[in-house]
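Each in C-alpha cells, the structures are laid out below.
The two complexes that follow have chain A in common; it is paired with chain B in the first and with chain C in the second.
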Partner chain A sequence: MRVKSGVLCALSGALFVALCPGEELLVSHSAKGRRDGRLTVALRAEPKTLNPLIAMDLPSRDVIGRMHADLISIHRQTQLTQPALAKSWTVSPDGRRYTLHLRRGLRFSDGHAFDADDVVFTLEAFLDEKTHSPQRDLLIVDGHPLTARKLDAYTVLIELPAPYAAAERIFDGLPMLPRHILEKPFREGKLAEVWRLNTPADGIAGLGPFRLKQYQPGERLVLERNPYYWQEDGSRQRLPYFDELTFLFVGSEDAQVTRFAAGETDILNRVSPRMFPQLAAGQASRGDIVSDAGPSLEYNFLVFNLSPAVKPTWFQQTAFRKAVSMAVDRDSIVRLVYGGRGAPMWGNVSAGNRQWSNSNIPIPVRSLSQARDLLASAGFTWDSGKTLRDRTGKPVEFSIIVASSNTERVQMATIVQYDLKQLGMKVQVASLEFRSLVDRVLNTRQFDAAIMGLGGGDADPNSEMNVWLSSGGMHVWNPGQKQPSTPWEGEIDRLMRAQMSAIRIKERKQQWDRVQQLIAENVPMVFLASPHVVVAARKWVGGFAPAAMADYTLWNVEELFHRDN
Partner chain B sequence: MRAGGDSVLIRYLARRALHAVLLLFGVSALSFALVDLAPGDYFTDARLNPRISSETVAGLRGEYGLDRPLPVRYLRWLRSAMAGDLGVSLAYNLPASALLAPRAGNTLLLASSALALAWLAGVPLGWWAATRKWPGRILSFAASAALTIPELLMAVMASIVAVRTGWFPAGGHLALPALVLAAGSMPVVIRHTRAAVLEVVDSPFLVAARAHGISEGRLVFRYVLPAAANPLISLAGLSLGTLLSASLLVEVILGWPGLGPLLLEAVYARDVPVIVGSIVISAVFLMLGSLVADVALYACDPRIRVEA
Partner chain C sequence: MTRLWLVALTLAAIHLAVALAGFISPYDPAEQHRDYPFEPPMAVHFFDSGGNFHLRPFVFSAGRMYPLQVLVNGKLFQVEEPGHVFLLGTDAFGRDQFSRILHGGRVSLGAGLLATLLTLLAGLILGSVAGFYGGWRDTVLMRLAEVFLALPWLYLLLGVRAFLPLSLDPVRTFLLTIAVIGVVGWARPARLFRGIVLSAKEREYVYAARGFGASSLHIFSWHILPDLRSAALTQATLLIPQYILAEVTLSFLGLGVGEPAPSWGGMLAPLREAGMLTSHWWLAMPAFALLPVVMCYYAAISTSPSDR
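Up next is the complex of A and B:
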C-alpha cells in the first residue's frame, strides 16, 4: 500500500514536472535521500499564529519557516546569503538598487503560480502600517521604506532610500505571500485576522517545503509535503524527502529531552548544554546523533545602569567596570553553568559569528590583584573588614537583577556575586519574572545591574543597530539618548551608521572591528559567555547538519531523510 | 408536596445562579486587576528584539488597546465575555473562548476520568478498611502517608517510569495523568469512606436491621452506604475542584493538552484574556461541582428536603 502511494506520488510529481517545462528548480547537491517517512520535532510552546505578517513568537516562526520561503536566504552554516526564490540578483554601484531575478514556473502549495506581483504585494503588505508587522522595521532604511517595482513577470526592482550594506540579508525570513489569497483581506484592512490556527488547511498557501495538514489544539501541528516545492536533489527527486513533519508541543526542555528519550520525537532542535550528558547517554545506548555545533550567536552579559540620574556614580567610572570585568571568572561560568560547553566572552560578538568576530581583541587574564589596583587608582579603599568603600566612605553595595526563568543566568549571577565579594563588593542577586526585568531595564530604569542575553538572530551587525546606537531603545546601559553622552558612544554611533551604508565588506569589517574594540575598552557591558548549540537526532535521520544560527537543525528540513528507507 | 419541593429546588437553583454570576464578575475583575499589577505586558518581550523598534512596539500596544486605562480594558473584556468570546487572546489573535473550549474539555475529561478511577477504587477500599480492624487501620495509615506525596512529584515519577518501562507514552496520553491524579485523590476518598462507614456501622438502626436477619450485602447497599453518603457526596463535589487545580500542574508535566499548559504560557506571556478566561472557566467548574453535590444531597437526603 505504501509502495503504491509512493509510486503514485512519483508519477504525479513526474507529470507535474512534464507539464511545467519552464520550471526553474534549485538543485540541491547535498541532498541524497529518498522520499518517505515522517519526522517529529518538539516545539517549546504552541505556535500562536500561522500568519507570517504578525508572528512574533519563536514557535510560530519555526512552523512558518517550514511553510514559506524567502527570495534570498542565509545559509545557516556559512552564514552567507544564497539564492532562493530569486535565482540571482544585481546591485547598482551606489548600492541602492537591487534587481532580483525570480525563478520561473514556481507554484504556491495550492498550485497557483508565483511571480513578481506576489513579491511586490508581499513587500506592500509588510510595509503597510495598518498591518503592524513586527518585521516592518527591517524594511525601513534611514527612516524611509524601501520600494518594490515589477519590471516583468519574473524581475523585481527593489530601491532603497539610502545605501544599505548587505541589504540582501533582509530578505531572509521575509516569506513571499500569495497575492491571490491575501490581497482581498489586505485591501479590507483585515490582514492581521487571516491564517489563524483555526484556519482550514486549504486556506493557507506558501512556497515552503511543507504545507498545513492538521492542527490539534494544545497537542500537535502536522505539515505535509508541498508537492510544488521548488528544490530537487541531484537525481531530480523533488524535495522535501519526508511526507510529513509533525510539531509536538512540549512545554519544557526537560520534557523535550524525556520525550526524545522515549522515542516520541526525532529531533531536539537545540537544548541547553547542561542536557548534553543526558543526551550522550542516549548516544551510547541508542546510537542517537548528539551534536555540539559550537558557540551560538547568543551573548550573555552583566550590564550596569549608566543613566545619568543613577547615584552613586561608581558604575559611571570605566575603572570600576573594568575591575568588575577583570574579577569575573568566565572559565568557571563556562564550566559550572554550561558543563564546559560554552565559550567565555570578552567582546560583544560571539566566536560563533564566523564572519564578524574581531579576533584582535585582547583576552584579559582574570586577576583580582589587578582589579584591586584599578579600584585603588579610582579612589576606592578597603576598610578593616575588607569592605570596598568609595571616596566618600560609602560601602560598595548593589544588586544584580536576573530573569528567574533562566536558570543559567541565575547561576551566572551567583558566580559573579561570589567573584565580586573577593573585591569587597556586597552584591545581592534578585531573581525577577522575565517581563518585570525587561520593564525595569528598558522602561522604568529602576535597577543597578542586570544579567541578560542577546543575539541569536542574524550574524550581521546591522541586525543590532538598536543595541549599539546611543539613541537605540535597546542601548541597555543608557537607552534612547538624544545626544551621545560620551565621546566613545559618539564614535560608535558614527561607525555604526558608516558601516550600515558602506558597500565594501572590508570597509564594514574594519568599522565593526573598531566598534568591538571601543566596547571592549569602555566596558559598558561585562560580557560573560556564549552557550554552545547542543542538538540531537535519532540515528536514522539523514542529512542532519546542525548550525550555530537559528533554526539550528531545521534550516535544511527539506534535505532531511530517513536513512533506513 | 412534590410540586412544592420542585419550586423550592428551582428557587434554590436560581439563587445559586445569581450568586454564580456575582462571583464570576468578582473573580474576573479581581484577576484582571491582579494581572495588570505585574510590570510589563504581552509586548514587553518584543522590546528585547533588536530588530523591532520601540515605536513599532508602541504601535502594537495601541492596536491591541493596552495603552488604555484598566477600567476601559476591563469593560471591553466584559462586553466580549457577554458575547461569549471572553476577550481576544493577544498571543493567538483568536477569541479566548475558542482557545479555551477544547482545552477545558480535555481538562474536564482528565479530571472526570481521575475522579471516576479514584472513587471506583476508593469507596470499596474505604468500606473494606472500615469493616476490618487492623488491616483497616494499616490501610488508613498508608492512605494518610500517601496524602503527603504531592501530585507534582508523582507526575515526575510517573514520567520517569513511562520512559524507563515504555508501558505508557511519556506525554500527551490520558492514561498517565489520570492515574497520577486518581492516585493523588484516592487516599482522601478511602479515609472519608472509612470514617463515614464507621460512623454508621454501629448505629442503633443498623443493629436493629441486623437483628431482623437482613443479609450483610443488603445491609451495606440498602442502609450503610445511603446513610454514609452525605459526607461523601459533599467530598465528591469538592474533589472535582481539587482535581481541576491539581490537574493544571500534572497536565504541564505530562503533556496533556488541557487548560494547564495554556494557562502557564498565558501567565508567562501576560496574555490577559486567556488568563482571566481560564480562571473564570475554573471557577465555573468549581461552582458546578459544588452545585451537583448540593443537588445530589437534596435528592438523596430527605432531611435536607424537609429543611428546605
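Up next is the complex of A and C:
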C-alpha cells in the first residue's frame, strides 16, 4: 500500500509540476546529482516535538529544519541572507517596512497552495502569547510586536515598530506554517499541542525538502522527499535528490562516531575536534570525506560571578580578571583539548564569524610575570608558601563550575586550574550536571566562576542582545540588572541598542567593534577558545558543503546526492 | 611459603609502593608537561643503538639518550632536564601516568582501608549493642539496618554532593567519600556481629561470669569480643576490595576526588571516549594496578583455614 501511495504521490507531483507553469522555483546552480537513495544521519537525542512553534531542543530543530522552509534564509557559508520562499524584498528608507514578494505557485507537502495568508497566519501564530513560542521574543522590537499585512496573494508587508537592523535575518528559522491545518487549533488556543511525535504523517505539512514518513519511538524518524519542494537544479530536476532522510537516535558523540565507522550512518553532523584522528583513520581506510570547516561561532569562556553580593570582591577588580586572562595558556587549550583544531580567543566574537569579528583587538601575550605584576599593583601579595593573598591576608581560593557532560570544558577547567596555580590561586573544579550549572549561573547565582560556551546561533550581533545588554537574562556575569552597574556596561547597552536600530552596516560594524573592544578591556569573561567544526560523510555523498554555522552539514540537505548513482 | 604469605607479601609491596609514592614517583602527579600529551610508555634500555651495554639504564626522550639518575633530589629516579622519563606514558595534559598511579593509589587504597575501618567500627558497635541488649534497641537498630540496606548508595552520594559547597578540596572530598561509603555499608556487618553476640551471650561461661558479678562491659570485652575477631577479619578482607572498587567507580563517574588529584577511577574515566583504549592503551594502566590488589584480597578470603 505504501509503495502504491508513494507512486501515486510521485505521479501527482509530476502532474502538478506539468500543470503549473506559473510555479516560480528557485534554481540551485551548485547541485548536479540524480534523484535516488537514502541518507542516514544520527541525532544526539530523540526529538521532543515536531511543532516548530515550541521546539527548543536541538534534535527537534534539526528535524523540523528539514521539513519546513523560511521566507528568507541565511546562507550558511557566506553568512549572508538570500531569497527563499520570498523571491525578493524591499525595505523602506526608514528601515521599518519590509515588503516581501513571495514565489508564486508553491505548495505545501500535502499539495495545498502557499500564499500570503499563510505568512500572515504564521507570524500571528509565533506571536500568540498562549503558545509561548521561543521565537516570539525575536518578533518583538522595542517592546512591540511586528505586524504582517497581506497586500495581495503573493505580497506581504511587514511593519516594525522601530527600525531594526538586519531585520530580514529574523526570517531565517521562522518556518512558514500551513494555515489550512493549523488555523483551527490556533483559534482554539491549542497550537502548542499540535504536531507531536505520534501525529500521523498526513497530519503535518511543510515547505521543506522532506516530509514525515515514519517515526519509530526510541529508534528512528524517517522523512521522505517532498514532491512539491520549490527548488530545482540546473537541469530542471526538482530537489531534493534523496528519496529518504533517516534520523537515528544515537545517545552520545562517541556512539555516533562508532556507528558512522560501522557504516550505519552516512553523515556526522559536527563532532568534537578531538574525534578528528579517529575520523582521519576512516578517511584513510574507507575514503570517508572528513572536513575541518574552520572555527565555529561557538566561544568558550571563563566567567566570574560579578553580582554585587558576592564576597570576597576579588572578581570585581578588573586587574584581577586581567591577570587571570594573562595567565591562561590558550594555545595549550587549543592543542590539548581540541588537538590543534580550534582557535584561541581574546574577544567575544569567534574568528569563524568573518563579517563581525573585530580584528583590531590586540592579541595579548601570555605572561605569568606580567600577571603577577598586575596582581601586586592591585594589592595582592604572596606568602612564603607562594599562596596568593588579598589585602586582608585572605588566601585567594575559589571554585570553577563546569558541565560534567562536556569533556572539552572539563579539560579546559583542568588547564585553567593549573595555570592559576602558577599565580598562587587555589582553584577547585566542580563538575555539575548541565541543568544544575545553568540554574546556578542564571538563577540562584551560587557560584564563583564557571566555564561555559555560547554563540552557536546566528553570526549577527542582534542574536546576542540578551547576553550583552546589562538587563539581559543571559548577561552571565551579572544578569537582569535594573541599571547598568558599571559605566562600561552602560556604554555597551547604549551601543547595542544603537546598532540594533542602525540601518547602515558600516555604522553597525563600528558600534559592534567598540562593544568588542570594551569587553576585551574590561574582561567580564575570560575568552578561551573556539572549536573548529569537524564533520564527516561517506565518500559517495555528493554536494557536501559543511559550514561553520548550524546546521553544519544539513543546511543544504536538498542538494546532497549519492555520487555513485 | 604458604599461599597466604605470598598474598600478604604482594599486598604489602603494593601498599608500600603507594605509601612511598612521593619518593618513588619522578614527578608531581599534577605537573603538566604540555608539550608531551599522550606520550606512550618509555622503555628503559641497557643497550644503545650500537649494541653497547650501559650499566646505568637510560631512556630516550625527544630522540636523545638520558641516563636514569638514582636517588637525586629526594627522588628514587629522575632524568636530567630537558629530558623526561614517562615509564607508563602520559595523559591528555602530559601528566606522568606512573606518578599518578602511585599517588592515585593513596586515594583508592586509602579510601578502601579507611572506609572498611569505619564500616567495621560502626557495624561492631551497633551490632553488638543490638545483640547484647536486645529489646527495643535491637528492634530499632535492625530496622534502621534494613533501611540502610535498601538505600541506593550511588544516588545517596549524588544527593549528598549536591548539598555540599562547591569549593571542596580533594582532601575533604576524599574524607567525604570514605564517610559515605563507610557509613552506608555498616548494616551488613552489624547484622552478622549481632548474630554472633546473640549466640555468644547465651554461652555457659558468660552466665558464669555474670554469676560472679562481672559487669556488662567486662563480659563483652573478655568473653564476647574475641568471638567477633575472626568474623571481623573475614569481613575486612571482603569489604576492602569492595570499597576500593566503590571508590574507583565513584571517581570514574566524577564523584570522587576532583582534579588535579589523581585516583585510579578518575584516571580511567577518559577511556569512556570512543577509540581511546585502542589509540592510547596506556591510559588503562590503573586497571592493571587495581587487578592484583583486588585479586590478592579475594585470594586471602579463599585461603583455607589451615593456611592461616
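Methods note: the second predicted complex is superposed on the first by the 550 of 565 C-alpha atoms of A that agree within 3 Å, B and C clash if a C-alpha of one lies under 4 Å from a C-alpha of the other, contacts with A are read in each partner's own complex, and residues count from 1 in each chain.
Everything below uses one rule, namely that a contact is a pair of C-beta atoms (placed from the backbone, for glycine too) under 8 Å apart; a residue touches a chain by one contact, two chains touch by 3 or more.
Values in this document were obtained by computation on a predicted structure and should not be read as measured data.
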Superposed partners chain B and chain C on chain A - clash or fit: fit
Chain B, chain C and vertex chain A (Cα centres) - angle in steps of 10°: 40
First (chain B), second (chain C), both or neither touched by A:Ser436: both
Partner chain in contact with A:Glu298 - chain B first, chain C second, else both or neither: neither
Partner chain in contact with A:Ile54 - chain B first, chain C second, else both or neither: first
Touching partner for A:Gln411 - first (chain B), second (chain C), both, neither: second
Chain B versus chain C as contact partner of A:Glu559, first or second or both or neither: neither
Which of chain B and chain C A:Asp137 touches, first, second, both or neither: first
Which superposed partner A:Leu197 touches (first chain B, second chain C, both, neither): first
First (chain B), second (chain C), both or neither touched by A:Ser332: second
Which of chain B and chain C A:Ala255 touches, first, second, both or neither: both
Residue contacts on chain A - larger count, chain B or chain C: B
Minimum distance between Cα atoms of chain B and chain C in the superposition (Å): 8
Chain B and chain C footprints on chain A, overlapping residues: 255, 258, 436
Chain B-touching residues of chain A, taken from the complex the two chains share: 45-46, 48-49, 51, 54, 56-57, 129, 132, 134-138, 192-193, 196-198, 216-220, 248-252, 255, 258-259, 261-262, 264, 405, 433-436, 438-440, 442-444, 452, 454, 457, 463-467, 472-474, 480
Residue numbers on chain C that touch chain A, as the complex places them: 30, 32, 34, 37, 92-94, 162, 166-169, 254, 258-260, 272-275, 279
Complex interface listing, chain B residues touching chain A: 38-41, 44-54, 56, 59-60, 63, 91-94, 98-99, 102-103, 106, 159, 162-163, 166, 169-172, 252-253, 255, 257-258, 261-262, 264-265, 268, 270
Complex contacts: residues of chain A adjacent to chain C: 253-255, 257-258, 274-275, 277-278, 329, 332, 335-336, 397-399, 401, 404, 407, 410-411, 413-415, 417-418, 421, 426, 428-432, 436, 446-448
